[in-house]
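Each structure below is given as structure tokens.
Each of the two complexes below includes chain A, the first together with chain B, the second together with chain C.
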Partner chain A sequence: MNRTLSIVVRRLGSLVATLVVMSFIIFLLVEIMPGDVAQMILGQSATPEAVASLREARGLDDPLMQRYGRWVSGVVVGDLGESIYMQGVAINSILWRRVGHSVLLAMTAFIMFVPLSIFFGVLAGVKENKLSDSIISFFGLATMALPEFVSGVILITVFAVQLQWLPIVSVIPIGESIWQNLSILFLPALSITFVMFGYISRMQRSSMITVMNSDYVRAAILKGMPRKYVIFKHALKNALLPTITIIGMNMGWLFGGLIVVETLFGFPGMGSLLMTAIKTRDVPLIEACVLLITAIYALSTMITDIMYSYLNPRIRFQGGQR
Partner chain B sequence: MRRIIGITLLILLIAVPMVFAGGDKEAAEEQKSVRVAEQVPGLITPGVWDGQAFSMNSSIYEYLVDINAETGELDPVLATSWKTREDGKVWEFKLRQGVTFHDGTDFTAEDVKFTIERTQDPGLGHLKKADFEVVASVETPDDYTVVVNLEEARPTFIYQMTDYNMAILSSSYDYAALGESRPMGTGPFKMQQMIPKESAALERNENYWDPNLPHLDRILIYFVADIDASVSMLEDDRVDIVPFITPNIKNRLDEIDGISVISPYQEQRFIAMAVDQEPFDDNRVRLAMKYAMDPEIIARSVAQMELGDGAYYNETPIMNALAEYKEIPHRGRDIERAKELLAEAGYPNGLSVDLTYASDHPFGRELAQTVQELAAPAGFDIRLRGYTRDVYLSQYWLNVPFSITGWGGRIDPSMLLALAFKGGGSWNETHMDEPVINDLIDKIASEVDPDQRTMYYHELQEWFHENGALLNVQVPYLVAINDSIVDYRQPLTMLPQYKYMDIK
Partner chain C sequence: MKYILYQLKKHPLAIVGIAVIIFWLIMAFIGPAMLNFTHTQIDSENQIVGPGVNGHLLGTDSLGRDILARVVYGSRSILTVALLTSILSTFIGVILGFTAGYFGGKTDTIFLRSMDILMAIPPLVLSMVILGILGDSTIVSLTLIVSIAFVPATARVSRGVLLTEKSQEYVSAARIRGENHIYIMFVEILPNTTGPIIVEATARFAYSIMMVASLGFLGVGLQPPTPDWGMMVIENKPVIAQAPWAVLFPAIAIASLVIAISIFSDFVSKVLIHER
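Our next item is the complex of A and B:
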């Protein structure tokens, strides 16, 4: 137990270090982005005078480190600043609503693709080289090969345009909340499932095959244990390890990087907010979004590591993962 | 066991979409609502408003006068009458009485004075600062009279008051703190709820000064970053109006019943040739470029429309929709003549030049490619340099020899001429400094007699046709609307007038 605790503490430490380094890199990257935010805000009719006074008013002319310091000191106490456009509106009031939507979408997708791909992966692994394996593997490869903007369009065409079961776009009608419009989650989640299914089911299949051919499983089968018992009690736990790593590594993407999917469906989540922020050079908002996504990535990797060490005692007892 | 799990999963897979689909409901509303999908706006406070979210701002704010979308004449709004003295040097406005702002305060002459004086606020970066530097003082003899004294005569000054950044603001409202989150004016609709970067709900202003307007109860505006997503919303009957669509989308929507695409007005794209840089410092090179152009091909390939039907081409800064326009027949495409001119100018083997433009601005890339293709046979080797619009405007515009820039139309083009074609003008992209044109622009600005003014305009256009450094392509501004919407009005000021709109 102490070992696990020390792993957690050490991982938390490196998480904080990662975030500090990343915050600076994000700040620098946004800084060297081409284009001028004041020019962008004011448009073509901006005179040089107007651009200069806007830069002055927004503090864009201050030295780099001073601006970085100002930003970080705000972030530390939870103040992400104001959008460069919406003066008087805190980013906190824009961002968290979108994050909530994105989390809901990520969870819906997660509930859909994780059991589905693990189940079919195990099935394919157990039935290696049989017909069901071929079908599952073919389907997995096919969906994996389609980028989400292609599978998304196909899904829209089938479910929204032809069958008319689901809305074409995933917008929340004005005056309603997302809870009254859960149907908008399904198509984006399904297109994420398309991307993830092939990936995870293939990983699950190959690790299942490896485990099923290992000596201890063969011994268990030979000594007459029921096959179901062997698969679910002995093989599955070990065969899940690589799959969990893959799922964990994709959690960051799932919770913050769904820019293409959200934009395609017009879903009001964090990905489409980031897209808007980048398009309009809304520097503080870009920084807030990217930092949050970084934090989610770091956190999900950490949770994966901890789960991994729980599932695999060898790592726990060697005192850290390699 | 495995079979049971398999079957369960299969059932789930089929059942879940149906459950979700069941959640889709249609709220039966008695209210008349119009739904709009617009670009995500930048700054929206009038003065620094960048010209997005027109449906929202034009419904919340009002102006002293409006342009009538049908006649092009001035309509009284917050000013009921106006007159000018001393040949356009003094302007007196009588204001409408009994008008209140959405926060309940009365609209008076103080608010007009505040709005005009605000243009010169050094901390604001007001976009109309240059145009209003001519104002010497603003007097308010009583609560409903405003007298504007100008430094010099400006017989067409009133048109400045129709500019979208000249919405009348309340002198007692804190626009610095609230302008972006709680816009407030005297308009026919008021802000009910705004979710930043996502949506805005406007409701009918019960205290609107015209008891017969507006016809609608609500305007629901979605801010959608992606135009394709906006069009999907229109096709899915989730919105009724989508502005700023492209010709490609228009062609697609033309096939769909119940949706129409209209073009309330046209915008301009100026292809500017800098007269103080090679190769366009020689008028023969500029003429050669003009001889290489084909207006019909430009209209078809850029706007996917016929010349004169939504798109237009001329070689002067004046739009063909304006009374000041002088129709000069096109010279006709003549590649041989263009080659001769180039040879005379010292380029017998043709020449290379960069054409810089904003690649993400509507029609920018199409126009650049068309010009490149049309000019090639005459010996112009044009290299295309496309940049995102902010990079283009901040780093290249006004500095490069050959460029394409978008310009909105103006009811009164005199100010545009002074800023863009007079020596020392702040947006002088052709770098022209011709005494004869400088003089004509000054005369246009100060001439009281409309007929004489029109004469000056004609003179200017003839000069441009022969010597100018400009190709002017008019492109359509396109709006897709559901056929149930009636009376969509939007004049050249770009401000849609939702108060007249109704639902069939």
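Our next item is the complex of A and C:
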């Protein structure tokens, strides 16, 4: 398992480098851009003295490197700092609930799109160039191209406006938890499913076609084994490998998609929190969200790589290059 | 030319895709001149009216602005930005990828590491955060930031195709002839790699449309009064129950354009790569 270890070490190294570079760029950008956070909190009518004293209290007048250093040393011990815009609320107290919601949404989408797209991808691959293949492939191409909010509004119009089965917005009433409002997850998750379906089913289709044309599958069919058995026991095992990579590679799109979908539905997740943070120029909150997204993203690609090398004996045993 | 016609006959869907793209290009060029309303004109007597009422072919939004005019105007900005983005990101990608792949060694390592850093953040998140902080996006800033977010992908593709060409004999012949590196990279190698690079650029075009639309939707794209399809969707989402047309038509516009470009780029890759 040497290779796994080297993947983990390399990825963690590049993750740390990324986080340092990225967080510094964000600090710098906010620094050089016009607009004053203290002024924003107090409003346009605030006196210059009030603004100055708020800047003083929040430590906004310290040199850039000093503020950056203070932030980094906080993060290292798990303190993400305080939100500037929300009057000094600890970020740790708002962020994690939101992250939980987003994770739940992502999981719901994941449970929906992975089996669906693999199933239809296999079907299209087995029925290559037949009608069902054409339909699935075109549907995949179309949904893959649509941004999440486009499929989202179409879904809203159909299921929420016309049929009124599901809510138009995905907000959680005050005082209730997400578990009492599970129905709000469905439409956002379905919007994400649409996009992912295209990528994964197309990949699954082409890898299925390659495998179905390979010698060992032909041998199994000629041997007189039942076709179902050959497809699911022999072919699928090998055809799943590229799909797993594609799923991992698309985790990035999934995160972008989460932000879009959360904004569309008003879903109280990490993405909409990041949106608010950007609009209010809340540096610590932006930093915290970006930090977390990057970390989760890196972790998921790392897991994909490890799974891939684990599932592919050629890589596992030889430690060869991909 | 004959070959392209033959291929088009084999892939009838591609004709539909190209037709839709041409339709939007025409709309962008001469569309606004054919309309009764401008994109910012507020018709206060016809707020939230449905399609076809009082000359508003696609209805109006809650301010009384004509949806058709806004959709047609919106095609200009999104096509401009997406086209510029796919050209610019491919251009930067080719230069970076070729340089890294050609010289190899340390240059290559530095290139790969910095691309790792850029790729560690999802492209949409990256451009959204930077554009959001910069504020007041213009066509220039939007194009630049989205291009940068796309560079890792285009540069990796360019580096890959260069590496397959690098060991060819004509490259060493040019080297022995005493040509300089830049000449070898861009005059000797580049013409032999146009296929995959054009395929990547057309795919980027589709991604750019998606990205620009999403950024507009998130409110960090082009700023009002420039109509932006993505922005129109989120602006009118609160009234979706009363005026679904105000949301659906810009959404359909995005959908038709993106799907058409995807079909087109699929076709290009089939013609240029698989069926040579």
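Of note:
The rule is simple: the second predicted complex is superposed on the first by the 268 of 322 C-alpha atoms of A that agree within 3 Å, B and C clash if a C-alpha of one lies under 4 Å from a C-alpha of the other, contacts with A are read in each partner's own complex, and residues count from 1 in each chain.
The rule we apply is simple: contacts are C-beta pairs under 8 Å (C-beta built on N, C-alpha and C of every residue); 3 or more make two chains touch, one makes a residue touch a chain.
Please read all numbers here as calculations on a predicted model, not as lab measurements.
When both complexes are overlaid on chain A, the residue A:279 reaches chain B and chain C alike.
Contact with neither chain B nor chain C is seen for A:211 once the two complexes are overlaid on the shared chain.
Of the two partner chains placed by superposition, chain B and chain C are both touched by A:168. Of the two partner chains placed around the shared chain by superposition, chain C is the only one that A:290 touches, whereas chain B remains out of contact. Looking at the superposition, the partner that touches the larger set of chain A residues, chain B or chain C, turns out to be B. Applying the stated contact rule after C-alpha superposition, one finds that A:244 touches neither chain B nor chain C. Legend: residue contacts after superposition of the two complexes on their common chain; A:57 is shown touching chain B, with no touch to chain C.
Of the two partner chains placed around the shared chain by superposition, chain B and chain C are both touched by A:264.
In the superposed model, A:118 lies in contact with neither chain B nor chain C.
Judged by the document's definition of touching, chain A residues 35, 156, 168, 263-264, 275, 279, 281 lie at the interface with chain B and also at the interface with chain C.
Within the complex formed with chain A, the residues of chain B that make contact are 1-2, 5-6, 9, 13, 16-18, 20-25, 27, 35, 40-43, 48, 50-51, 122-127, 129-130, 176-181, 193, 195-201, 220-222, 224-226, 229-230, 232-233, 235-236, 238, 388-391, 393-394, 405-407, 426. Residues 14-15, 17-18, 21-22, 25-26, 29-30, 33, 35, 138, 141-142, 144-150, 153-154, 156-157, 161, 168, 252-253, 255-257, 259-260, 263-264, 274-275, 278-279, 281, 286, 290, 293-294, 297-298 of chain A touch chain C in their complex.
By the touch criterion given at the top, residues 13, 113, 116-117, 120-125, 128-130, 132-135, 206, 210, 213-214, 217-220, 230, 233-234, 237, 240-241, 244, 247-248, 251, 254-255, 258-259, 261-263, 266 of chain C touch chain A in their complex.
By the touch rule above, chain A contacts chain B in their complex via residues 34-37, 39-54, 56-57, 83, 85-89, 93-94, 97, 112, 115-116, 119, 123, 156, 159-160, 165-169, 171, 173-175, 180-183, 185-186, 228, 263-266, 268, 272-273, 275-276, 279-281.
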